[in-house]
Amino acid sequence: MTISFEDWFSITQFYARYASIVDAGDWDLWPELFTDDCVYRLQPRENHERGLPLATLAFTSRAMLLDRVYGIKETLFHDPYYQRHIISSPIVQRTTSDQWECEANYAIFRTKLSDTTTVFNVGRSFDTIVRGENGLRFSRRECIYDSEMIPNAIIYPV
Amino acid sequence: MTATQLNWEFDGTSRIPFEVYTSEELHRVELDRFFYRRHWCYVGLEAEIPNPGDFVRTVVGERSVIVIRDQAGDVNVVENVCAHRGMQFCRARHGTTTGFVCPYHQWRYNLQGDLRGVPFRAGVKERDETHGGMPEDFANADHGLTRLKVARRGGVVFASFDHDVEPLEEFLGPTILGYFDRLFNGRELTLLGYNRQRIPGNWKLMMENIKDPYHPGLLHTWFVTFGLWRADNKSQLRMDDHFRHAAMISTRGNAGKTGEATSQVSSFKEDMKLHDPSQIDVVPEAWWGGPSVVMLTIFPSIIFQQQVNSVSTRQIQPNGHGSFDFVWTHFGFADDTEEMTARRLRQANLFGPAGYVSADDGEVIEFSQQAFETKASQAIAEMGGREVGDTEHMVTETLIRGMYHYWRTVMEAAE
Amino acid sequence: MTATQLNWEFDGTSRIPFEVYTSEELHRVELDRFFYRRHWCYVGLEAEIPNPGDFVRTVVGERSVIVIRDQAGDVNVVENVCAHRGMQFCRARHGTTTGFVCPYHQWRYNLQGDLRGVPFRAGVKERDETHGGMPEDFANADHGLTRLKVARRGGVVFASFDHDVEPLEEFLGPTILGYFDRLFNGRELTLLGYNRQRIPGNWKLMMENIKDPYHPGLLHTWFVTFGLWRADNKSQLRMDDHFRHAAMISTRGNAGKTGEATSQVSSFKEDMKLHDPSQIDVVPEAWWGGPSVVMLTIFPSIIFQQQVNSVSTRQIQPNGHGSFDFVWTHFGFADDTEEMTARRLRQANLFGPAGYVSADDGEVIEFSQQAFETKASQAIAEMGGREVGDTEHMVTETLIRGMYHYWRTVMEAAE
Amino acid sequence: MTATQLNWEFDGTSRIPFEVYTSEELHRVELDRFFYRRHWCYVGLEAEIPNPGDFVRTVVGERSVIVIRDQAGDVNVVENVCAHRGMQFCRARHGTTTGFVCPYHQWRYNLQGDLRGVPFRAGVKERDETHGGMPEDFANADHGLTRLKVARRGGVVFASFDHDVEPLEEFLGPTILGYFDRLFNGRELTLLGYNRQRIPGNWKLMMENIKDPYHPGLLHTWFVTFGLWRADNKSQLRMDDHFRHAAMISTRGNAGKTGEATSQVSSFKEDMKLHDPSQIDVVPEAWWGGPSVVMLTIFPSIIFQQQVNSVSTRQIQPNGHGSFDFVWTHFGFADDTEEMTARRLRQANLFGPAGYVSADDGEVIEFSQQAFETKASQAIAEMGGREVGDTEHMVTETLIRGMYHYWRTVMEAAE
Amino acid sequence: MTISFEDWFSITQFYARYASIVDAGDWDLWPELFTDDCVYRLQPRENHERGLPLATLAFTSRAMLLDRVYGIKETLFHDPYYQRHIISSPIVQRTTSDQWECEANYAIFRTKLSDTTTVFNVGRSFDTIVRGENGLRFSRRECIYDSEMIPNAIIYPV
Amino acid sequence: MTISFEDWFSITQFYARYASIVDAGDWDLWPELFTDDCVYRLQPRENHERGLPLATLAFTSRAMLLDRVYGIKETLFHDPYYQRHIISSPIVQRTTSDQWECEANYAIFRTKLSDTTTVFNVGRSFDTIVRGENGLRFSRRECIYDSEMIPNAIIYPV
């Protein structure tokens, strides 16, 4: 595994930007971080490890991410909350010149208005990042979460 | 606080005192009367334990149980509490085994829960002396695991701590049984996976939610906008004779704008179009026999969902009066095409703890409980009147009134 | 545990039984008698809701309420509990709206809390039939949100669930009202921002803390060292007739070393000099009329702080007997210069959950509660004697004794 | 729930009702009768406070106490609750000091807990007037910290809130005292360090665990496989006259396979060999006088461990009925060689919250409590019969029965 | 956005050192990480997002940091606690040769003596880092925290 | 302190791989990340700061790690749990050509089956990483943990 510093820096910045966007609640920017034919999955570790196909969210196109954004903003009634990602330094598993397969542990903290902060969802993302003309994008992001007993609801993107 | 001390305005069940949601004392009685006696509770699907030795760990009420396929292919349900000093010995959530050993002192049980081995039961011999051992009158037969009565039907497993419980079919009653059999008609089921959520509200609020056809066309934009479920759909509400179980039956009708069901309904989004319509690419299935939605609430523990092509069981696992775990088991049928499996999985985006028409149900339950904890007041469930009865429409809270009618009967009884 | 069962040594209130801090049962009675009946609770500043439709969500005691500026400019306070099935529908902490809709079934309320719409109230017509709908005798007028009585004075908003509560001015009494009016003298207020902290102690401990002029010159180094508040400052303590409210009034005096107020006071740091003295660059303001500090405790819910140039409200929001949220709202005046605003913000470093003279108040409350929970004993509040009365100095715990005098009167009453 | 309401099958203590583990009410009585009255509780080792002014903070039951070496070399134990308004003033877990000052109002105490200073006790003089001050009849002597009775023996410190408690030696009884003195025979102890764990189970379950010689040879692979502790080891069980304290004495015997102690014992691993055998490089010590293991349970607060070369104290600190903190203090002896110190530290890998033969003890306690909370049932402790008495073997639960015999005597008494 | 590896490495080490110092309780070293005219602010997200100027702590000079250190060590009575920072890889928003504007998510865990560890404060820091003769320093560090309901008190630097 | 990008990247990947292995429960791979004569210690901060030698786990050879793996898999009865590490970017304290002394803050989250995620153990590791023929390995890893009040038991490697 070798990688140039420029690429490594781009990847760290890309992850940081992802966290920045989903933690700031800039929902409209979120789908911009994905390719058109992306796969985004949020799946309990239990299903993942047992080979059960069900995901908590399974999106197979950027269009579905746009629908999710509409859902968050317009149709899903929910308690507003802050989320805060801490994403570990990714491991780069495989690479070609314009594509990296990375994995990263993450922890998301949820803070409801006027309440204390709690551990919301932790897990590991299995990601494929591709370089396009507008910079890096996920063509695949699969978040396999340990936190199978979800604290009521997950509304915002992990 | 006992059930007879509650004040029900109008003496019916259209006005529900908040105490039914907030009293830990009443909750203990509910566990006893609804979960541990005279009722069948859902414990899983046979598809979760296809082979001999397979087991899953789950709960009945708040008690831990293990559901086991034995060598003969029968399904046994035993309580996960060692007969020795009481440990919950089984820690795996599922697995395959030939028997159970409690690690503390290695008491051994077979797949029926019979005690099969007690280390040093006859003592340990040293030279000519025997040290220790269990008393002479100690009989393994008296110290098996607590075994539950089991009923299986259509691939679904129910259990009861009460061996005098009426047969499952009578418990469900003919009407509800019909809808149960529509979904579980003998086909082999396939397991698609689980979703789990902890909802900080009284467990009955989830029953109410699924007995409440008033809300889906109002709270859930996707339902009303895409006509999946709304006030002007053709529908029926059916209950058993005790009013404890219910079926909400509906047939997908209009999408778009059509009068009362959408006018004044702020969740209706006339212009909403999915960027990726595949998420509601509904394909009718022969076994539906018409209705595109049937939601079955089997009191007290389980909800069976058919929402177009998405089928699942939703188990209620109480944690005290103010919280419950809600466990979704999505399944399919062995004869599903690959496309149908993919469709069921895609439509699962609508359900579960992040789903377009379910995530908010957990939220409203949480916010309801928050209010209940702060004051003595009452909920009003008077849509469609104050009486209880089957209807041919959805503009009613009759099923909720029915459930509390049953609740009062059981909870106010002397026993 | 009822209030009459408590044992008060000397029969006064100079020795406080720990049970007043640890009994959940007494806490429920306190909520009822102090927060929900016969008292005014602080709910916010008008500056938080300057425009029609603006609202903030807060609490009275442990009940969620919404404070709303309506189109006419009036301020309404309603309980955040839907009249239908009880949901706490309002989730935003502040905002601007034209009305409220409970998302569960879209019952609609106007800014006065009146019920203005119930979906399908008249049922849904299908061909010639009408399905469902609310009972004939269901009147919207009977099902508005619970509305609280509101009092406004000087830009501050109070509310009460009890519509028979005495007028705010009488509730405060003339002396306390005078100090209230000194701070809120009709000038327009500007909102500077919030600080919030959850303090794991009984809510009354915060009242005690601000009725305790004995501690600032001992616990808080900055106060004693810079002469902001200490035993030899010129000062008065004033109460209302019931001894429930109080004013601690003090005028900045000596800094540095001066006899008893600093000798034997380990928190006094003779050599301490700020690296950046701008943090205590106090500039007297005309409206002070002398005192540089006035701390007002308005029982049970609010503390009004003037500490030199820093002014704030500090709201008490109980969470059970052993915890409360403490919400600080810092403000200024519309005619403040930029320099004065900057000064108020800079002096805010002394206050709040990280402040030089406040962070430790939360700490001592936490550690007090920890002890109370472990044993039956009593606190001793006998500085300045065992009686209750106004004083011209700060070497006394009389205000604490006064508060418990009032507490006993109310809590021991038959009702 | 009072102790006399419990139902003990066979009227002895071989069947233990789950309520003894789950009732908060009984727990409050236990604290009072076992931890605060008529018993000695462990509070630390003298080696933790070698020099004058040294102190450690710990608990007796659920009450915070400070153990102090004073200037005269005596050891004092005082409650960490300020006599003024009750704060737990001491926040350091250990340290060195010349006295204590409560930060809230700087009441000062000496190392004996006597009140030595009250700021402004005589008021503050301004010109000719004196402001405030404590009442005339206020005597420092009445307001010291609560002082506990102290007993020291062999470098171990015990304390009791009850000054009428019998002498430590009588409390232990001659047999147990003998085993105590074997370990703490006057040699100087050295402090090696701490481990702490919070175990979510009733505190008595830990006492049971160390009074249960039935489990080590079954649950703990290392014990049985390496012969450190197992059913065929030469052993004795000894109790005091009340059956509250106990000693489990055992001598390392066979390793490997040998009949009943290993056949049918699934935790026995015939082929197991350590990759690094240094972890069980046991070197017998002269003071052992034979036994390689002596586990002493001194009711209610402490376990003294000698497991081959690893010696430690394990303190029980309850947090309500369903949880306790378990604090391990490992020590050695001043005359240990470097090799022996290293060995003790290496063998410590077997113990504590991650240890090969201890981590699972915490786990089984947690899983036991989980079951107890869900149902009314009973634990069965009938290995070796239903009676209570000393034995020459380990195939028995007699010590558990003994402990509950004592429990019943004390808890069912009228008082 | 380009950056040299040397600079990127320096920045990661600077953040790591910051965490190291404030988690070890080396209070005297803390002001050394700031320029003389630095701005350090700790502000609830609520105030930040609504444009309300109040901060929980607002320091506008290194001298004020020195005063804070004195407060922590000498004047603020408090329960001792361990704090532990996890700081995500920063995003570099703007850069000149000797100055970087970075943002980083952070989570701080608090452990009181003999008690379990809890999530204490999570948020995002908006930082300006400058290179001086003695290495990197913050000329600005604004910590905007999600954890608005503070668990009683914040004593140590975030 | 200078370091080449290649070395820095290797170090980040090494830490990420460590987390990956211990979080996936690949116990057999864990000892492979250590040298034969490694030191692995897990110690409460209290003992560390007071100079008390006791550790919660003290292993002084890779052989002892193998014994631990056997213990986890075969002899230690315990509740299964997921663990999830978030390891901060390490600080490199000292370096020679083939050896790096690093320190990193870490937070470990524990998730028991069907239960919510909690903060399990946070602390700081003091590590010596050496380069051998098969890549990087720890010759020393000392985890000094803040979370002294252990939530019952620690079974898996930190």
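So that you can tell them apart, the chains are marked A, B, C, D, E and F in the order they are listed, and the count of residues begins at 1 in each.
Note that in this section a residue touches a chain if its C-beta (ideal position, glycine included) is under 8 Å from a C-beta of that chain, and two chains touch if they have at least 3 such contacts.
Since the structure is predicted, the reported quantities are computational estimates derived from the model, not experimental observations.
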**Request:** Could you check if the interface between copies subunit B and subunit C is built from the same residues on both sides, meaning over half shared, or from different ones?
**Result:** different
**Message:** Find the pair in D-E, C-E or A-C that has over half of its contact pairs, by residue number, in common with D-F.
**Reply:** C-E
**Distance from subunit F to subunit B - Cα centre to Cα centre, in angstrom** = 42
**Request:** Express in whole angstrom the distance between the two chain centres, defined as the mean CA positions of subunit E and subunit F.
**Result:** 26
**Inter-centroid spacing, subunit F versus subunit C (mean Cα positions, whole Å)** = 48
**Per-residue overlap in subunit F, given as positions that touch at least 2 other chains** = 5, 77-79, 86, 89, 107, 113-114, 116, 119, 148-149, 151
**Message:** Counting only residues that touch at least two other chains, what does the list for subunit B look like?
**Reply:** 91, 93, 103, 196, 198, 219, 267, 325, 360, 364, 367
**Item:** Listing of all chain pairs that touch each other, if any do
**Value:** A-B, A-C, A-E, A-F, B-C, B-D, B-F, C-D, C-E, D-E, D-F, E-F
**Message:** Which residues of subunit D touch subunit F once you look at their complex with the stated criterion?
**Reply:** 93, 191-200, 219-222, 267, 269, 272, 274-276, 278-279, 325, 330, 341, 345-346, 348-349, 352-354, 356, 359-360, 362-364, 366-367
**Message:** So in the complex, the part of subunit F that touches subunit A is made up of which residues?
**Reply:** 5-6, 9, 12-13, 15-17, 19-20, 23, 82, 84-87, 89, 107, 109, 111, 113-119
**Item:** Touching residues on subunit C, where the partner in the complex is subunit D
**Value:** 16, 18, 208, 214-215, 218-219, 231-232, 260-261, 264-267, 360, 364, 367-368, 370-372, 374-375, 377-386, 391-396
**Message:** Give the list of subunit F residues in touch with subunit D in this complex.
**Reply:** 42, 44, 46-47, 50, 52-61, 63-64, 66-67, 70-71, 74-79, 148-155
**Asked** Which positions of subunit B touch subunit D when the two form their complex?
**Response** 62-64, 80-89, 91, 101, 103-106, 117, 119-120, 123-126, 131-135, 138, 143
